[in-house]
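In this document, chain identifiers A, B, C and D correspond to the written order of the chains, with residue numbering beginning at 1 in each.
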């Protein structure tokens, strides 16, 4: 059974490029933990380097985790939130920046270990390019793989999970699609290297998220972690889970079961204008409702729909299930 | 209450540019009618010029309509299916082609009138351009409006409805979006000129289909007709109604009620690989399920969701309605 | 002949939602002016409310403008950069916010007048919605038009220009496309109300920017202002002018001439990772090169390409012009 | 130095789903060859199974190739143009169809060998799915790889090249992106298995085509063949080479050189409304102009642009090169 977690910043305030000071007041670390603890279905939390984890506050974090009885699910090192990363982290032209990217990751790995967590999820959002004739794709991708490889080798008991995204903040990311992430993992060739699927990132790359799960199963059982949200396909809108895609989210949860995914399901939303705690709560409840719906539906019926592959039969099935209330 | 109809070709065979002879055997006119009549919820049919309506078969069509007790809902003149239209119909550079576009429309208007129908739905799919520096946008758009205006003036008792689409078969269509259609209608300035919303075309233009309904209400109550299908937003996939967008389709039906739309809801799907009759049947049943769901839900509850505009509250509401089976 | 200007913030530092403190150090107002003055081809500047213009610094701004011999081209009131606008400005559910949006605009109109400028360009980026079942499209759009109308009526000698954009920061904006902007203008029905085309926003809406210029000519000669940049079509990347679209930008400049546009061409780029002054300089030089290329090419040749509309002939022409260096 | 070729059907007539009989008269095989031979820069031709190559006309084809002194560059087996493939070829649920897909490929391999050609380019356009809950991604992808593997093993002296495309005619293709194609090739694990890049397909998947070339170099030097055209990114418009993307096409040609690509450059356009021979001629001349431009530009200058990765410097360089005529 999947457990639910939240990226801690999700219950805080969001900013964008037009409103850089934030849509709401900044929320202190202690308060972020307190808010997450208000959602009974949540048993874990995900932290971001620099934003939440520094080399000096591990003890404080341990205290919060224990106080609220929350499991640390993963740390996301900061490879995107400081000016030094602006032209890349692992794939930067500057050797000192590349070394910094690796070192910061190692620090976060140590922090994770100390906090009883075995997963570090990398989102190298600044590794990529914006313009044509700007990047030496071969050289930069090689640097990227070497750097990540070094972090994988640092501690074999820590799982390093790569979160792909086709664009933003760069117009083109190196770690772009599920298949590109798998190629990178094969190149890195370390057993503790896997993939984080962000449901919305998969949609942005015109992937069917359920098929992305299947691909990770097929090529080495590499699904390590899941971030949940929703969007209108063209951009990473980071909306409340299930608010746009009903059947597609259901198919995603179905394939998580089918492939035996045992990891966490983490909320990754950007509730710019919403009460952030309520938005996260609804995201969690949506995940729970999708799972409980799958509990009620005989698995063999869904297997059979796929076996015959008849679109009219599937349409009939989901119409009755979702619209007619025949559950 | 809305009534359901079908574009006749939808129960036949489809082709595409790689399989021009069709994914299935061609289906004769009589058989198309027979198939439509097999769906009890359907009481009307929509015909396409050239494909179904010629200047010689009106009597035959009347016979089929009467035999199967089907209402003719609209005729879609052929402004797209013959080589002569390849560079445009109403907006063609050639005066003789422009006149032909108008004349064919008048013939279809007469045929519609004779068959007891008061709606002709124009889809000028070849009016547009493919390349930059190819079109004189001002001149061609003027020809377009003048031509359509002439058809509106031909018979004041016939409603002429413009179906917009942002692209395909041209890379750029003139009648591109709901707002562009409204501008064109204002220019034409005839009371019998309105708009056909194709649900999928709205999605392709990054419109929220429910908002497109509202815009047509706002600017002169111009929604004359509706074509239903679904897609993945980027292209006019013409899939079974409701197969991708659940909440968005529900919002569309809600706004049809809210704005007092009394017209037909017509299936416009391209079931390339499906049993076409079964695909249409499922599309019709989906429309009916969306409508019946709205019958069960207190309208005041949905009005209230919109009044407060709280995304978390809406997410909670639709989660319970669609996933938890609380109806 | 067009004159070139710059939105003042373009030579400063940019932030995004992941790096909210900015990719570079903040740049003081005086320094921003000094930088713009370093580009000899630039003779005007565009200011943003709150960011650059307050109710107390008009005298200071006048001093800078005079010192650097820069014309104030427009003021863009702040309807997007403070938390109070998060659920809309002119279209907000709250009457007090709507009044605030109007009042702030009037203040900016007064400031513009005092600084010898006759254009205020509105970008109501927060007016729209994110989720389905969130907005009363009819009510909110009515509020929007009424508010803008009030600002148009405030001073008839000030031109109010509406900048449309299909999304961001909302997932769906009300002022979405060139045609929607024209509908809104017709509703507002004031002669001093027009449109600002942002080249990149047009691309994001799958418009051909040159056609957007033609549409504004056709429906009342309403092109008041132009913002220049470039992108990969799917998102408002705000890149250097001409860096992606060569022929399309040329066609845009050609249609500006053809329709007699006499206004300013303003750089609107977000140089997150670039030396911002150099990025703006290249944008300006690109605009100048497009214009000088059109000076060299006989206008009759381009007119003829459009008259015949032959894609192969156009391809041949631009290949020779751009690739073969036959100019 | 690259040599230029043409897919034979490109000089014929095109159809689409609305005009299935074709935008022009059908063109006989002999005439297609005669037309290609009219373009002096073209020295090769690519043929399509069923459309051009049958089990009975190899002698006739040999005669044409010799008569017009054209090299057979590749055969594209027909896995998309007959109703039997409608639910897939290599990945079909039906074992007999899967066997048929393999057998037809073997026949085309034999035909290619007999005609002195060492490349067969597979475009398995019907292998994929349209709806969610329709496909067993694991099973179908396994069938796909096994089938292609069998064709690779059939004759080791024949190169089998996989052309990826993210969608159309299915809403989702299995062989979707350059990275997915590489994963598939690694799974197949045969040295004679590579990739065909279609420039437009790369754009449709939000790839930078030049980076796709680099990826194929990086992971095993697997670029076997290139199809050239252009589009507006969102769909496979199959327009004349260079008609939309100038700098991006130039970067693509630059990376072909940088990675030592020695293969053919084949036109793959769909000139629905153009004189098809003239459209192909312009496509070929565009390829030649891009190559000749690269001949004139010192390679070290472009290498340096990439080494420093300064967007403003690149913008300056290409502005002078393309717009200012400084070559």
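Observations
Basically, a residue touches a chain if its C-beta (ideal position, glycine included) is under 8 Å from a C-beta of that chain, and two chains touch if they have at least 3 such contacts.
Remember, it's a predicted structure, so these values are computed and weren't measured experimentally.
Taking B-D and A-D together, the chain pair joined by more C-beta contacts is A-D.
Ranked by distance of CA centroids from chain A, the top chain is B. With each centre defined as the average position of its C-alpha atoms, the distance from chain A to chain D rounds to 35 Å.
In chain C, the residues that reach two or more other chains under the touch definition are 87, 130-132, 167, 206, 232, 234, 239-240, 243-244, 247-248, 273, 310-311, 314-315, 318.
Of all residues in chain B, those touching chain C in their complex are 87, 93, 129-138, 141-142, 166-167, 172, 176-177, 179-180, 182-183, 186-187, 205-206, 208, 210-211, 214-215, 217-219, 247-248, 251, 254-255, 302, 305-307, 309-311, 314-315, 317-318.
The touching residues of chain D, counted against chain C in their complex, run 206, 232-234, 239-240, 242-248, 271, 273-275, 278-279, 281-283, 285-286, 289-290, 292-293, 310-312, 314-316, 318-319, 322-325, 327. Contact residues on chain D toward chain B in their complex (touch as defined above): 14-24, 80-83, 86-87, 125, 130-132, 167-169, 171, 231-232, 234-235, 237, 239-240, 243-244, 270, 272-273.
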